[in-house]
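Note that the chains take the letters A, B and C in the order they are written out, and that residue 1 is the start of every chain.
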Amino acid sequence: MKKTPGPIMLFLLLCIGLLAIFPLVGDDFYTELITKIMILSIFTISLDLLIGFTGLISFGHAAFFGIGAYFLAIFFQDAEQINYWWALTLTLSGTALASLIVGWICIRTSGIYFIMLTLAFAQMFFYFFFESPHFGGDDGIFISSKPDLSIAAEELVDLGNEHHFYYFVLTWMVAVYLFLSMVLRAPFGYILVAIKANEQRVRALGYSTQYYKLVSFVIAGTIAGLAGFLEAAHTSFVTPAYLSWHESGIAIMMVVLGGMGTLFGAVIGTFAVVFLQDLLPAITDHWQIIMGGIVIAIVLFLPNGIAGALYSLHALLNKKGLAKADADD
Amino acid sequence: MTDSILRTERLSKHFGGLRAVDNLSISFERRKVHAILGPNGAGKTTLINLLSGELQPSSGHIYYEGQEITNHTPEKTARIGIGRSYQKTNIFTQFTCLQNCWIGAQTMLRTSMRFFLPASRLRQVRMQAEKALESCGLTEKMNHAASSLSYGEQRQLEIAMMLSTGPELLLLDEPLAGMGSEESTAVVGLLRELAKERTLILIEHDMDAVFAVADTLTVMVNGAELETGSVEQIRSSPEVQDAYLGHRDRTER
Amino acid sequence: MDSSFYLIQLLNGIQYGFLLFLVASGLTLIFGIMGIINLAHGSFYMIGAYLGFWFTGLTGNLFTGILLALPVSLGVGYLVERFAISQLYARDHLYQVLLTYGLILIANETQRILWGSDVHSVPIPQTLAGSFQLTGNQAYPVYRLFISISCIVIALGMYWVIQKTRLGMTIRAGASNREMVQILGINVDRLFAVVFSMGVTLAALAGMLSAPVNTVYPGIGDNILIISFVVVVIGGIGSIKGAFIGAMLIGLADTFGKVLLPEMASMVVYALMAAVLIWRPQGLFGRA
């Protein structure tokens, strides 16, 4: 229900513009890295829907990313040609179904139980792929070809081409952002935000909050599945590590560092964390210590994340205060 | 024959050994103000929580418009037209006043599972939310964050939120608690206004206010009904004076 | 496979359950009394295991190793509570998850700096090295029995402290109603420091005791952490009794799962947890 202030909107458009021209000027290593970051951003944006807007702290969100990736891998690993539309539909319906089942059970609990239950389900899926000899086990699965994105036998985008793939993912990221912004401005989104603020009151006003939370969980899970699908298509490889609880933990860290409850914050957080993961090992072999320190520093000093800092900066420059900015909505 | 809108039948709620509400059979009449009195711990708020579905009774029944609603959830209770306000202010503090009431007003949609059009375009919802704020005198504060309101204003917003869902029956848990005398007068006026078209069930410690607005009074002691009657009946009942109104009145006499 | 094979599995399951109980009892108290989700709990198990390995290497004996490692673990726990955890009491679960996750990263990396990435083994003390011959080809190691007996002794000690001492009374009051402790005018800061340090020391002790059986390797704390969470959630948060029942259930389910369903052994415990929570969302002994 909070409107993004004009200057911040402008800043975001500028960032999108920079992303759009990057492959033309930047080197291939970073084009590839940013592709990966944008895929992860789709994943963390979906987590922000849960953490930042619905108040559901899922500690197992990576499971749906992994399930999405495995759907592509399991059904199409040996296919000579992968029909993109068919594969995408299958993946999205599969992850939607998985998140519906997991969500239906988890939503019945709250607080610590919800956190632990989502974690436990993620672990269950992790071990399912890790131990099962039918799905590649520990080694993962290679996918022999790229999805073929064609309409009426006309190839739209060559997903084997790194630059094409980059723009393809950028488009998806912007689309997901716009889609969730729309959902959050709709009556449904209002109820979600209210649930996060005070669920008991929302019930007393006449809403079956369980269903709203469940639908939010399914939307987030499905989008995470989309991100997993893109990652599998990008690397042509899936591994159980995608579902590891460390991935879920890092995703939470990205969302909070970026600033939860803003959607775009998740993208900023993802960029920040992946770049750190890329840069820190060059400084020291034991860079995880620095990473841990950063996590703790976020909790203590930057609980509203980078986006929160942007909002404060904007408010400071405006001198009118945040309340006014909210009130314009 | 009286026109009853809500009725409890041998309603009880036990917490362990404590009988918070004990075998209560009360009939609430349509378009009347029915106040519940009683000392602290008499089970008044528990009764409201039972009626609103926030607690499930240990035994007994609740009927609304002749339909049994004993085991309704809070959301189901709200949907059939029973609104409530809380003794402890229970609002969305980060939201503006309008947004607080917007959530309530949005219940006019058959479902809020709508994902595409912006909610802000729902003019009917906006009108109903604004109307609720207006009736509570909060129009000017519409775009202020609820957290920035004074305590009394937050109490008013509490009532506005309840009204924003357009309820038929109002459960009011100490609406005047902690209000200044000016605000109290305004809210008493509002309650009178509301009573013209709706049924009110009211818990309130401010006796002057209760006697000013109530049609019927029920006095509860230790979870049970002591006496029910008109203002005059209750005022003159020796039992009630003993148990609740205290010996003050009698010694004065 | 004869009955003595199953007897051995049963003993193994119980012994694993006891170890889980040591870890989970601290975790559940930290949840119940302090309202803190402590993801770093597994790291203390790891710290215990490595300290045990280190001091045993220095002194040449597991018992003296443990005796030296215990106070160090207690001290680390106290420092972590004072400097990190105490910042979290008024904060949302989300930040607790995040901060203690940061602690895991630091603990894991510190372990790598101090002890490297190799797998280490800890020798079983001479006095406990043998095994009981059950049948011709089935034997049960004395040391495993020692673990179980130690855990029983510790569990009884805990029971005594919680049921009979003043500290225990406070802990019980806090676990059933956190606000009550504050109302009663108990020094909450000190209570929290004690509960946290003791809780993580129990986890560290579990790490030390299991070191000779499981060896010591990086990431050893991660698995035990997640399983302990499963135990706590099954048992019901804040319930020691629940932690015990949960630990036994998981210990047995895991052990027999590995024997009977080797292809999906690790999934069994999570499936068990899901089943329990569908039936009782608050866990077996949790309060609604």
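Observations
In this text, a residue touches a chain if its C-beta (ideal position, glycine included) is under 8 Å from a C-beta of that chain, and two chains touch if they have at least 3 such contacts.
What you see is a predicted model, and the numbers here were worked out from it, not measured in a lab.
Between chain B and chain C, the least number of touch steps comes to 2.
By number of C-beta pairs in contact, A-C leads when A-C and A-B are compared. Taking the mean of C-alpha positions as each chain's centre, the chain lying farthest from the centre of chain A is B.
Between chain B and chain C the centroid-to-centroid distance comes to 49 Å (mean Cα coordinates, whole Å).
Separation between the centroids of chain A and chain C, computed from CA atoms only, is 33 Å.
Centre to centre, using the average C-alpha position, chain A and chain B are separated by 43 Å.
In the complex of the two chains, the chain B residues touching chain A come out as 52, 54, 73-75, 78-79, 84, 90-96, 99, 102-104, 106-107, 109, 112-120, 122, 143-145, 148, 161, 164-165.
Remark: chain A residues 51, 57, 59, 105, 108-109, 111-113, 115-117, 119-121, 123-124, 127-128, 130-133, 245, 249, 252-253, 256, 286, 288-289, 291-296, 298-300, 303 touch chain C in the complex.
By the touch criterion stated above, chain A contacts chain B in their complex at residues 1, 182-183, 185-191, 194, 197-198, 200-209, 211-212, 215, 323, 326-327, 329. Residue ranges of chain C in contact with chain A, taken from their complex: 31, 37, 39, 84, 87-88, 91, 93-95, 97-99, 101-106, 108-110, 112-113, 222, 226, 229-230, 232-233, 237, 263-267, 270-271, 273-274, 277-278, 281-283.
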